[in-house]
Structure formats: C-alpha cells, structure tokens
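Note that the chains are named A, B, C, D, E and F in the order they appear, and that numbering of residues resets to 1 at the start of each chain.
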C-alpha cells in the first residue's frame, strides 16, 4: 500500500491531469489524497466550484480532499505556497506526489509545480502532469495506461459542469480535448489511452518496481 | 497564390502531420507539392505503400507528388538528403515548407527535419509538424484551425490501409490518436480542432499577414 | 485592419525591440497601441522619461499610449502585472501582441514577458521581441523585414535622449547596437535589416496569411 | 521476473554507468543481458579489453554478454547501430533498457543513446545512465539506491585494469570519480549512494510499481 | 589583484559550492568577500548558524563577511534581493561574482542566482556554482582545479557542525557528497579534484587570461 | 605565451566568427593556428577560395594555416572529421580552441562544432563562436572586447571578395551584418564592440586569469 498526494491549483486541474492514474491507485489499494490550492473563484462561483470539487473527489474515491486556502490567480512559487503543501506532506507522508508540470503560461500552474518540487523534496517520487490548455512545453516521459479507468475519468471530469464557458470553447470542449490527448499519449505509449508525465524525481525501487 | 511544399520521410507522415493545413491551402488556391523521401518499404510492401501514397495525394488535391528515392530507415541529415530536397525546392520554389519537427526518436524524421532546414534556408517560412508516435519533445507554437478540412484529413489518413499493424496497435489506432491530438491542439488554440507546429523560420509579412 | 498591442516594461523597450514592425503596421492601416508598464523612474527622471515616451509614441503614429502604473524594477509575473495588461487587452482587443522575450536577466523584462503570455492567452498571436542589453538566450524564429521603416526606427529611438548614461556606454551606444542587430538579423533573414522575434503563440490563418 | 538489457558503446561504459542497478536486478531474480557495441579497440588491445569485459560480466552475474561488432569511435546513430541493438532486443525481449544518456561529447556514447531510443521504441522503459567523463549536460531524474551493491560495483569496475592511462589521469581515477559521483547522487536522492538516470521512456505500472 | 564576491542564500551554500576556488583566489592575493543573504534560521538556531558562518569565513581568509538580512526560505528574485546584492556590489566593486546556479528546486537558491545576475550586470564575470542537494539541471562548463585547496575546503565545510540532521542524512553526508562531486568534476576536467560552474557572463581578457 | 587553434568548416567561417579575438591573441604574443576543414568549393571556385583564405590568414598573422581536406557540405560529426582535427591538435597542442557553435542549421558548422568538442577533449578550453547566417540558437556567455582589433577584422573579412553573391544578399552584406553584430554584442558586454562565445569547456586558472 502506498500513499499518493495529488496537488492542483484549481478545482478540476487534478482531474483533467491525472484522474486516470489516481483511480488506478485506488483500484490497487493505495491511499489517495487531493490538495487543491485555491477554490477557483476567479472563474466561477466559489461555492459551486468547491461543491463540484468535493463531488469529483468522492467519485474518484479520494481518501481526503484538502483545500489550500490560497487565492485564485495569486498562487506564488514562494514560501506561502510551499508551506501549504508541506503541511499536507507532513500530515499524509506521501510516497508519490502528482503535481502540475512547470512550463505553463498560467502562473498558478507554473508556481504550484515549482512549489510542489520544493515541498516534496524528501518524497520518493514526484510526477508532473500535463495541463489542459495553458501548457506550452511538455516532454512526455512517463506514461500510465489508463484503459481500466478511462471511463471513470470521463465521468469524473464531467462533474465540473459549471466550467461551461471559460473562453476556450466551454468545458465540454476541455473534456473532449483531454480525451483526445489520452488517445494520443496512449498511441505514443503503445496502449489505447494513457496519461503522460514529466519526471520531477523518481526513486526507482528495483526490488518492487515494474515487475509482474 | 502561394507555393507550398510538404516534406515527409515516409508515406503517411505528411498526411498525419499536416493534411488539414495543406487542404486549407488548396481551398485558398495555393499550389501544394508533396515530397516523400522514402517509400516506407521497411514497414510494408513498397508497391502498396507507394500506391496508397499516390491515392492520398490525389485526395488532398496535391499538384504533384515527388518521391525522394531514399532508403527507408536510412535517411541521413547529410548531403544526400539535403540534395534531394534542394532539387525540389529549386524546382517548385516554395514560399512555405512543412517538414517534420526534429526532436524525434525516429532517425528518419529527425534527419528529414534537419535536412529540410538546410535545404530550405532561402525560403520564407518553414513550419515543423508534429509526428504521430515517435515525437518526444514538441513545443506547439503555431496553430492552424482545421475545422473546415478535418473531415478531409480523416478521410485522407484512412487511405493508408496497409499500415494495419505497426506495433503501436495498428494504423486505425494512429488515426484515432491524430484525431484526438487535433482536439487537444484545438483546445489549446481556442478552436475546435487544430494542427500545431514549431517554427523553423518565418518571415512575417506585415502587409499581407493575418489580416481580414 | 488589425489591432496590435505592444507591451514594454520601460519607456524605450518597445521602440528598441519592435518599432520597425509597429511602423509597418501603421503603414498598412492597422491600429497600434502601446502599453508601458512603468515610467522607468529607476534610471532617469520620471517626468522626462514619460515625456520622451509620449514623443516617441507620436513619432510612431501610435493610436494610444497607455501607462501601466507599475513601479520600475518591481514588475512581477503575478496577478498585479497580469491585471494591468488584461485591462488593456480587454479594452483594445488586439489581434497581435508584441511583448518582451522571457529569458532575460532583467527581472522587469522577464516578468513583463511572462505576464503578457498569461494576459494574452485568448489572443491570436504573441510575438516576443529581443531586448537590447540584458537578453541572454534568444532564438530568432520570426523575422520582419524593416527596410521601409528602419529610418523611422532610428529616428524614434533617438527620442530617448535622456538615457545618456545607463552604464552600458550611453544611449547612443544602445541605438547603434540595435541598428547593428538589425543588420545581423536582416542577414539571417535574407534581407537588409530585420527585427527578430520568438513565437509565444501564433494562429496561422492560411486564408489570409503570407499571400500576395 | 523482468528482463533487463544494458547497452554500452565500449567495455566498461555499462559498468561505470549502472553496475549497481544491474546487480540489484540480479539480486531480485531478474535476467540481465549486456550488449557492448564495440570492443573498445581504440584505447587498448582488443583482446585484453574483451577479456576484461567478459570478466566483469561474470562478476555482475550477467545472463549473457553480447558484442555488437561495431568499430570503436565509429558508432553511428543510424541504421547500422539500430540494427545491432534491435537484433538483441528481438532476442531477449527486455522490459527495461539501460542506455547511455545522449548529451555527451563522445560521439559513440551520443549515438549509442540515440540508437537505443530507436531500437527500444516498443519496450516499456528506457533509462539513460550517466557517462564517466564526456557527459556534459545531464539532468538526474531517476535514482536507484545502490547501497546493497556498491561494493560489488567497485569490485566490478576494477576489472578493467588495462584502462590505466586514458588521458584523464588513469582508470583508477575514473573509478574514484564514479564512486564520488555515487555519493553525490546518493545525497541528492536522500540515500547513501545512488546511480542517477534520465528518463527516455517509462511505462509506469501503478499495479506493480513502487509498492511495498 | 582582483576583487571577488561570493553570494549564497544560506550559511554553508558558498562553502559547499566554491570554497576551493575562493581559497585559490586568496592564495593569489585577490580580495574575497562573502555575502550570505539569510542566516539559515529555518534549519537551525540563527545564532549557531551565524557563528559557524563567521568561523568558516575566517578559515577561508575572507576579507569580509556580509549578511543580507533576508528571511530564510523567503528569498525572492525581485527588487528586495537585488537591492541587497547591489549594495555590496557597489561597495566592493567585484571583478568576479560567484553565485548559485539557477535551475534549483530550492526557491532561495534559484532566486539568489537570478538576483545576482541582475545585480551583477555591470561586472565582468559571473560564475554559477553547483548546489549540494537541490540542484537538478546543471551543465558543467567552467572547471577550477582545486587540488591545492581541497584540504582546506574539507576543513571549512566541517565548520558547519550544527547541520547534523537536515533530512538528507546529516551534514557529514553533505560533506562526503561534495567531496565525491569534486572527484567526479575533477575527472571530467582531467585533474584530481575540481569545482564546476555554469557561466552567467564572462568577459574574457585575452591579454591577461589563461597564460603562463 | 599560449597556443590557440581556430577551427572552421569553410574559408571565412573563422574570420567572421572570431578574427577579432585571434588578432588580440597575436598582439599578446600567442601562437595562432587555423584549421579550415574544407576549401568551400560548394560556393565558389576552390582555387579562388583557397587563395583568399591564405591571404586572410596572412593578414591575421596566423602562424600556420592547415586545410583539413574534407569535402564542402559533407563534413560529418564522426570519426573522419574528428581525426582531421585530432591530427592538428596533436601537432600544435593548443591551450585554447575556437570552434563553431553547434546549434546551426548548416550541417558543416554543426558537425565541425561537435567534432571539435570530441577532438579537443583534453584541451583546457573550447570556446564556440557565433555563425554568420545559419546559426539559430546561440547563448552569448563569454565576450571578448575587440576594440583594438575591430579594424583589422573588418579588413580581414573583406579578403573574401569572391563571396559576392551567396544568396543572403552578397558578402558585403555578411561583412556589415558581422560588424552590426559586434556592436550589439559589445553593448551587451558593456564595451564598444565584442565577439561572443558559448562555452564548450573552460579550465579557469585562478592564478593566471582575468587579473591585472
């Protein structure tokens, strides 16, 4: 049994980025914690977004959902954000952290990624997930085959119904984009559908890893 | 009216990478030439692959299809490949070249991209398209909205029926992956479906460009 | 007719970086807006610098000059700067943004570039111009032939007469450096004089673009 | 049980780069194959170097040692090298390949790395090890704790006694350097001694991986 | 005689990164100044860390030790940090600055490096030293042979006795890691032990440099 | 007294890239050797280009000019090129090598740079100069103030009179571009005119370097 922590800047970041992998962790008996740094109040009603986020966490079967209490669009890469993440890291002691990849034009994503690298410096693994629309430079290195959990991912991402018009053609557009991406990453990985990650850090345990 | 040249290492590389954009060029009265460096004989019967390639070119409405006569999986980034491309560049005098992006684990793609940059050094624009399965590091910079030609692209890519089992789950898998990618790149660009490119070189003509 | 917005951190940044291209836009009937985030008070008298900036804007024929009201040398890549730029983006609705390239050792340039990428996320094109002295890592991708407006650029940049001793050998030195650079970038582009840009984002409109 | 293939350009490249990890694989019951592309005849007597290489393979407990038959200092990134590696990949069907990292000033290392990425495109994982002296740009991403096998690594690397004066101060110098590096990488990973890798590709199997 | 300024974010950063080079400067009659931006109070008692830092400076023979008065783990890359460094730059007028390399997961290191590049923009040379544990991406470009001062470096780094348990296995672990690294970097440079640097900026004076 | 070797792929590459620095070396009593890998026969008459090259070498005061005998546009990064360079390295034993920077779209420049890094692996310093027209990605790190030798550089580069129409607007265009670049690089370095270099490798000798 492992402990997994996923960090996102806004409600739905985690789900779009790595819901498939998190669901696999749950299927395998791992504990899965979610930390959402802001409530996404800059692009929707705070209460609605929070509610959707809780619903999605439940659908994923997350063991707990934490909110970081930071202000949407004001997430820094400095001490304040690092502290928020460190507090949860200390509490749940994750073996593996999922965090946003850092070369992103959205300041909150970029900084959440950087801060997770700082806060997770003593953890064994940090995998950096792909952002939906604002990522520019991403090198897929690690792939997770999400064939068994793709349906769940589609279902979970649809929990964010309020995000219907975010200037990129509506949230249903985002969901289709993410599904399209899963097929492309799957093809690159030699499977049907996959999520891709950059490697922040990964302690490879030969004795446990990758076996059969 | 512009002249456009698309360079690919194998039959189907061009179509998967930029058929949507090429079809748009045709819709706008541009001349479109295709140069396929090898006949892809390493992963299929040469005659079959050549035939499919000719069929796809016709479907796209290409003004001519040239074969470079290089050997599949032996494309270099040296003089031989540059010569092949330069000969066509001298002949058709393209305003714009589409070529494979260079950070690719497939040696033929990598080298075809490098050689196109050399051979096209006097052209006004070189856009580098995204490879289907072997691309690792790609930074989407330029986007083309392919909404009007997406159906044609799907139809054209299906011309490569022989590629049914290329170790990545079959060609229909490739086609779905490319369609998924179009949705993801579209989302990043703020449109429905898009093709994305890296910029090799681009002479931006303020007087003609991007206007309405 | 297009709408163009140029963003700079200090008076003279825009002019040194892309005055030639902006003047071409004006020649072609586009609307050109300037947004200068600070008044450059850290290296000169605020009133003098503001006055020079207004004069240069007039010489360029800019349709309006906005000041962002940020503090010189304190420009962040966070919410405050993004808000300032977003306000103008919302107001003028640019088709194309010119902003500073981001790999710069001057914090204001670096952050103005990052913030423009965030604030301009729904625009069709963001081109990143080359800084005069503090840029370190710059990859010329897009070139604009400024032959027709080079004289004007030289004249406009000389409006910043107060910048006579900024530790890099005086402003006339800067102007000569920028003129030298124009020749070098021109040579790379195959023309006499050019301005070079990195691509932040570029929606390439096949139907309008690059034609004749 | 997994199958592991380590690829090196010369005798001793594999041992210096990842002997500690390979020994761990053996301890865990995995099969370990070695493929050495040349016999290192450019910096020593071919027979001596081959003999040392066989001895080291035995000390490591490798299940087989293959020689690629390429010419020292003439390893390309093209078809010839890819073929050599593909033949062994087809034969042993590795789950995991260890190959040299590619940003190396030694042409053989650089090309062996590139060719391994091509040849191993259908494998689940490719980890790229750190070269002893000619590596310039290396980003440690994956760490293996080699505490249990460090002594064996020291012992194995000492099998290459002929390499006593290779212009970098002798082979004993190389061995000390590699031991020093293990301590530094260990410190970065939070353990005593480690080997570090870049990720070429890694299919992360949530159900098997990293657990306890 | 030259003037050298070394900048560090915390007590012991400078010593681990470049004590060997600084000691060489002292041996050659240069003036050596140290600027430590914080007192490292986040991982130890402020008074103890300050005392150790003063002791190490004395052992190195530094001409002066300045403290920047910033708050540990809160070092920014903005105006505040730049001001602190600029003040010392103005005071001691360094020919050469040693500062932390910037691709580091520790925010203080990253920002201290960026701010040094800004503050030192009029200096002739800025060399960026390698961090002990949190550096991820470092390209060794400049090497200093520290054979004559390695013993002193070992002795100096041991002055930081309070850092006995910093989560990476204790400070004696750090010291061993740094010694191991010196052997590896030495091997890359063709000498016994070396310190490695990235180049921020370097005015190469042909008439004085590198001669005999 | 030092020994300096400059490597170029074609006649005029060295002169455009680093004639100012080489002339400074001569002024300071260093020995300066030139190695030109091809005779540039692809863009001019071999005899004419050779003659111009000899003339320029004489004007620079080079101690010897070697031709590598490779074929223009066919320079590889493999053994053949490395051998040619190694032979001269063994003969003249340079302390410092000037070679072309490697991120260049011209295959000969790219490969000459790579091969120089291999061939010069035991030298103390390798500085990589900026190419005239085909360089794309260049990070200026090291600057040489060429104020004292700029006139000579202008005079020397004009020796290549045959290069009057190379598709980039003629050689006089190249010369002006290079002079413009010198002003820009000078401005970045805080001097009038400069040549800029990337660092391949640099053993920094504290006891001799950068002093007064």
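FYI, a residue touches a chain if its C-beta (ideal position, glycine included) is under 8 Å from a C-beta of that chain, and two chains touch if they have at least 3 such contacts.
For clarity, every value in this text was computed on a predicted model and none was experimentally measured.
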Practice item. Trace the shortest sequence of touching chains from subunit B to subunit D and report its length in steps. Key: 1
Practice item. Quickly list, by label, the chains bordering both subunit D and subunit E. Key: A, F
Practice item. Note whether the interface between subunit C and subunit F is symmetric in residue numbering, meaning over half of all numbers used appear on both sides, and answer same or different. Key: same
Point to revise | Relative to subunit A, chain with the most remote C-alpha centre | key: F
**Study point:** Gap in Å, rounded to a whole number, between the CA centres of subunit E and subunit A
**Key:** 36
Review point. Measuring from the mean C-alpha position of subunit B to the mean C-alpha position of subunit E, what distance in angstrom results?
Key: 49
Practice item. Spell out, as numbers or ranges, the residues of subunit F touching 2 or more other chains. Key: 122, 134, 167, 190-191
**Study point:** Pairs of chains, among all present, that meet the touch criterion
**Key:** A-B, A-C, A-D, A-E, B-C, B-D, B-F, C-E, C-F, D-E, D-F, E-F
Check your understanding: Which positions of subunit E touch subunit F when the two form their complex?
Key -> 1-2, 21, 24-25, 27-28, 30, 95-96, 122, 124-125, 127, 141-145, 189-191, 197, 199-212
**Study point:** Residues on subunit C engaged by subunit E in the complex (per definition of touch)
**Key:** 73-74, 76, 105-107, 134, 167-168
Review point. What residues on subunit C touch subunit A, complex-wise?
Key: 77-79, 82, 114-115, 117-118, 121-122
Point to revise | Parts of subunit D lying in touch with subunit E, wherever the complex brings them together | key: 132-137, 139-141, 167-169, 173-174, 176-184, 186-188, 190-192
